[in-house]
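Two complexes are shown next, each including chain A; its partner changes from chain B in the first to chain C in the second.
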Partner chain A sequence: MRDGGEGGVNGAKGEPVAAASASGIRLRGSNTWINGLRRNSVYLVFILLVIISAQVSPAFLTWTNIANLLRQASYIGLVSVGMTFVIISGGIDLSVGSTVAVSGVLLAYLFHWGGYKGYVVTLSPAMPTPLIVLSTLAAGALVGLLNGVLIAKARIPAFVATLATMVSVRGVAYMLAGGRTIFGLGESLSVLGFGNIGPLPVPVVIWLGCVLVSGFILKRTVFGRWVYAVGGDEDSARLSGINCDRHKVLMYVVAGVFAALAGMLMACRIDQGEPRQGELFELDAIAAVVIGGTSLSGGRGGVGGTAIGVLILTLITNVLNLVGVHPFPQQIVKGIIILGGVFLQRWLASRN
Partner chain B sequence: MADEFVLRMEHVSKSFPGVRALHDVSLSVRRGEIHCLVGQNGAGKSTLMKILGGAYRMDAGDIILDGEKVFFPNPHAALKAGISVLYQELALNPCLSAAENIFLGREIKTPFGVVNVRRQQQEAERLIKPFGVEIDVALPVEQLSVAQQQIVAIGKALSFKAKVIVLDEPSAVLTVEELGRLFNIMRGLREDGVGIIYISHRLEEIFEIGDRVTVLRDGEVVGTFDVSTVNESDLVRMMTGREVVKTGSRSRVETGEPVLEVENLSRRRVLRDVSFRLHAGEIVGVFGLVGAGRTELAHALIGADRPDSGRILLDGKEVMPSSPQHALKLGIGLVPEDRKRHGLVLGMNVADNSTLAIWDRLARLGIVDRRSLLASARESVDELRIKTPSLSALVENLSGGNQQKVVLAKWLATACKVLILDEPTRGVDVGAKAEIHELIRAIASRGKALIVISSELPEIMSVSDRLLVMRKGRIVGEFLPAQTTQEDVLACAMGVKVA
Partner chain C sequence: MSKRCVVFGLVATMVAGMFLTSSLVAAKAITIAVSVPRLSNPFFGRAVKVVQEAAKQQGVEVIVLDAGDDSAKQLADIETMIIRKVDGVILAPNDQEALVPGVEKLAKAKIPVVTVDRQVARGDYLAHVGGNNVAGAKIAASFIADKLNGQGTVVELLGQPGSSPALQRAKGFEEVMSKYPGIKLIVQPANFRRSDAVTVLENILQANPNIDAIFTHNEEMGLGAIQVLKSRGFKPGQVIVVAFDTHKETLQAIEDGWLQGNIEQFPDQQFRTGLKILLNYIKAGVKPPQRDNYLTPLLITKENITQSEKYGE
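After this line comes the complex of A and B, so read on.
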């Protein structure tokens, strides 16, 4: 009796299976379509803004302005690359702005090697420039390591842990600088602040290089895919033998190094170690990541979208400055455009 | 020394705070054996498998693999030793593709740690092919259907060159045909000398595929038997510790004014000309194969989807629910299928959950009257026999069956005239199932009109007064369960003529 029934089911189930495979094909088509649109929607917003900007200000499309815009974008851009790693892995890092400050100050401090009296006494003979640069990056990594250990080992929520380090690390920056600004970084580093490679400023080249390399790492390497695995579903990642805690720690180290790199390049640009540098960078970076289509809940997104997100944010400020909008209403417009960009993306993503 | 058994777990005990999950459990699996593990929810099956898989640590006992004592500090160690476990939940990573999921943690690499995407996808396709289902292995698995995801998860579990493979409830979402293919693959692995531990709530599967069966009850082994020496009712008796009388079907033909009338409801491609009536105190079952339009019907009735045409009459008055909230206000409620996601607030306690839908009624000036809330919750708990240590216990700590009762309590407390129950016993063990069926009848006898949607034919036959069968968006048959057979209903649902 039972057998008869099941035999019947078997016969008839050919139908749903066929339907499933048909829908598989349809899914495949619609998926690339959605993904294409989703990715394009960031670009779409960006291109739209470029066109509008070119219309409202003739100065916008000059090379001087574009190079300037790219340079401004590159600092936040580098911070955002690290932030993308952290957010895809399911975390958040509020301390990056302070890391920017502490690394800039540290760079200047190491140059003067304690001999600083409010003006340039001597440049440090004790440390060669490459070592100073590496030490600064290592300091960023150290902040990241602290964040990571607090989050992955001590199980403190990322928001709280990095909020605490954000406050403390800013304090370290002030302490190091003695509450003042350390002026003068010397000749050897000025290329990082003022140099060009081809038509592009050095920090822009570094930024774009980091975006390309990070994009490849995230999409194609085992290390990168594990970032998505940890952010998408930590339990399943752990069951697959991935050391999730170590990977999470590494994400914050990556974010710290990128923030230190940004801080260093900014210090070179202004030729000083300034402890108030990088304030609210963390929020700009998070905004850029979100505009770029990376999900705050982790597991989805990429560094390319983030780069466009940074460009969008910078472009808005740039063009509003060009047309002479007062800074206060600028902020209002910026907020509205962030919301608008995210709404547009969601609207496009939901249309399938 | 060559051991007849590939795996022996001996005298395993495990306690969680306040609960003894396993006590002196021994289980041995031969080479080339399909060893079934049965027991009610909470009997300790999953705990035992998590210990074997290295996800939990046991308090006492030994695991002997291939004659050697082993210890697994983490899941990875177990996997490396040759134990592959398909857990009931958390099997896949939603954001990664099927291929990436299968090879997660052991990626096929080119030098410098770069993933060889193409080879991974080819290998994944090769693994999935025996199931006869086309799956786009490059797509994030969250975009696959539940059945496709399950096949990917099974494919992954089988792909490790494991000595012991554990499949914890793999069959729930598979079609009969896919299940048949899974069984064929399992038989192939048995030939190769792999030990397979198979867990299922569906006892008939055990008799189809199993060699031996071990019964767990309350964290202890009742016994291990050759499958040929026991039958279904033996197993149920051992699992529950008592005789379960199969609840008979009931049939009442309702007359009088209907509570709900549905006339010619249609929605493009999914619902065609659906008409039926529902009376107070009546339980109408809706049965159909996957894609027949059952869920779509429920969604149209509660306003989650707008029908293109047709009428819904509630107590003789035409209504058109525009949203689930609106439907609820009108008196039509849907008890969702996925209780953990849509039915309960897991982090809230029993009292709050069971009264969640009527807080506004219990409140004065926006402040919930704690005393009447507790009184109402107490009433539900007593009436529905919810097993909970206290009203302030968190629902996430209750068993599946008791969670489902809390969900029912919540809806019972509302003033809904019509309740739609979507798969009310999914993931609930045999004993609790019968209890929930009883509760459904009790709810109906209070004058509520019920629609029960289920893909389990025996369940819907025993619980409904009247049975509607759907196929391709239409109602293609109406049956009185007492006067029909499962075969007739199934044939109708599949559009097959029976002689």
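After this line comes the complex of A and C, so read on.
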């Protein structure tokens, strides 16, 4: 059952992977369709849901709705890319939601340098806009670095360390914002919140770009192999000369930067820094990663599956709203579909 | 084989469930959406029920949306409703600035929107119906200041940062309080949540054991504050508590002497009026005589408790 390489191939980027696995199946002979499904079961669940959604709501397959759905997915999507790196390398990061909040607030704070005075829209930027953006991303990296050092060097379990930073970082967000929201980011960044590149909203392009680049790094580079190696079997990885500690720290930094990127884009979307933003994002991101077929014990999975996981979660909310289901039963349905998806995957995986 | 049955059963249930829910909303003449900041907040839970009941009597279908205190989610919900082509929206915006683009998008799609209770800072909305939050908070402040003879320590628990009621209630309260130099004001946000209020007040009491009065921006935080006072061994009335918004529990607290005053804003009436304005416009194209409508708030005490909207429920 344990085959890191194969699990790693599972669900990264569409075609080359599918082609490679298809040839593998043929060699093994019978039951080919079930093996094909096994590798791509998350895609199957997704396609199934799309078909159902199109059936129940004629508005679902309109381009406006798809563009909206993709944009709604992109924020959680970016957070989940970072979460995938961390989980493949055998960790977990609960602090991403707070990092989303602190980066959004910091962005707004740097645009209102010298104190936020109520609802005045006049900006007083601390530095040029590109530097503000970089500082915000750097703040995310800093949170990640702190997580990584606590986990890899101080040997605190990832769950506990990131739980602690989750709480503290949220506090920082509240303090920076002074217990309120910081409104107004100015025109220079509004393209990030409301702009389009071709038919796609800007955050969607950024998200999909990050998924492609991350997928390439994980599957096609030595660095990527190491990520799987560290998460799959740390001792073997260490014996084969990989600096596991440095690797782990780096994974949390990556997660922090992605969370900061998401927080920044969200702040641009609502044109303000809001210290409560991103609450429970960590859970949505973990759910997406799990639905996407990445193993919570590390060493297996990929960002492609995670992206589909995010789309599944967003799609459920979207279509249930289109259909007009009350929000409370919506949550029940969401939970059942998460379980259903994971059961389906496990069942397909056991059929070889 | 049985495993296969389980999986197909699961999928079939999912499909059937979605078809079933969709068939429930089919073939209705008018569909409106009601979007609130947080459905698990009893204030909005009740408001949604009031809208649903009033709409049902007129054969209007209601789609309920829960923003979960997240402005981005509320914006996304509004976008979905534009695609769903609802006939109108009743909106209690999570944030007065963040939802402006949502209101503008609705206007562009020619979908009328009435904001109720909470407001957006600007934008092309059909109407707003709400309480006069500034006036209500001023009444509360004067009541507390009179009771304390202008001397003492007063705690103010703020609502959710950035929401219009929290901003307006803080404005009204602090405007009056600034006229009393003998009153020391301790201000902390507790996000309209009972659990947050408990934590915040416990912390405040650590640093200031002798507080004289508490003003909270909603009833949930008021009840949380009373919970703390009870557990700390205070007697009813020892600390003056005044809260915004009434419901069954707060009326009981007034009768028991824990809550001295409660600002009644008649939310049922607010939401019913909002629905009426919206439906008048959808059905007959009639715009309300004035865009912003504020109901005059009333201070409910033991003496006039029968005037509360929820008395006797």
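By our rule, the second predicted complex is superposed on the first by the 310 of 352 C-alpha atoms of A that agree within 3 Å, B and C clash if a C-alpha of one lies under 4 Å from a C-alpha of the other, contacts with A are read in each partner's own complex, and residues count from 1 in each chain.
Throughout what follows, a residue touches a chain if its C-beta (ideal position, glycine included) is under 8 Å from a C-beta of that chain, and two chains touch if they have at least 3 such contacts.
Source: prediction; values computed, not measured.
Chemist: Per the contact definition in the header, classify A:V160: touching chain B only (first), chain C only (second), both, or neither.
Modeler: Once the two structures are laid over each other on A, A:V160 reaches no partner at all.
Chemist: Is A:V323 in contact with chain B, with chain C, with both, or with neither (first, second, both, neither)?
Modeler: second
Chemist: Going by the contact rule set out at the top, does A:G232 touch chain B (first), chain C (second), both, or neither?
Modeler: first
Chemist: Please indicate which partner A:I242 is in contact with in the superposed arrangement: first for chain B, second for chain C, both, or neither.
Modeler: After superposition on chain A, A:I242 lies in contact with chain B alone.
Chemist: Check the residue A:V213 against both partner chains and state whether it touches chain B (first), chain C (second), both, or neither.
Modeler: Once the two structures are laid over each other on A, A:V213 reaches no partner at all.
Chemist: Which of the two partners, first being chain B and second being chain C, lies in contact with A:L283: first, second, both, or neither?
Modeler: A:L283 sits against neither chain B nor chain C.
Chemist: In the overlay, answer first, second, both or neither for which of chain B and chain C A:Q72 touches.
Modeler: After superposing on A, A:Q72 lies in contact with chain C but is clear of chain B.
Chemist: With touch defined as at the start, can you tell me which chain C residues reach chain A in the complex?
Modeler: Listed in rising order, the residues are 3-4, 6-7, 10-11, 14-15, 17-19, 21-22, 24-25, 31, 39, 61, 63-66, 69-72, 75-77, 79-85, 95, 97-98, 101, 121, 158, 160-162, 188-189, 191.
Chemist: Name, in rising order, each residue of chain B that touches chain A in their complex.
Modeler: By the definition above, chain B touches chain A via 53, 55, 74-76, 79-80, 87, 90-96, 100-101, 104-107, 109, 112-115, 117, 132-136, 139, 143-145, 147-148, 175-178, 180, 204, 289-291, 486-487, 490-491, 494-496.
Chemist: Could you list, by residue number, the parts of chain A that touch chain B in their complex?
Modeler: Residue list for chain A touching chain B: 1-2, 4-6, 8-14, 16-17, 19-21, 23-25, 27-28, 31, 220-223, 225, 228-229, 231-233, 235-242, 299-300.
Chemist: What residues on chain A touch chain C, complex-wise?
Modeler: 48, 52-53, 55-57, 59, 62, 64-65, 68, 71-72, 75, 119, 177, 179-181, 183-184, 194, 266, 269-272, 274-277, 279, 318-328, 333, 336-337, 340, 343-344, 347, 350
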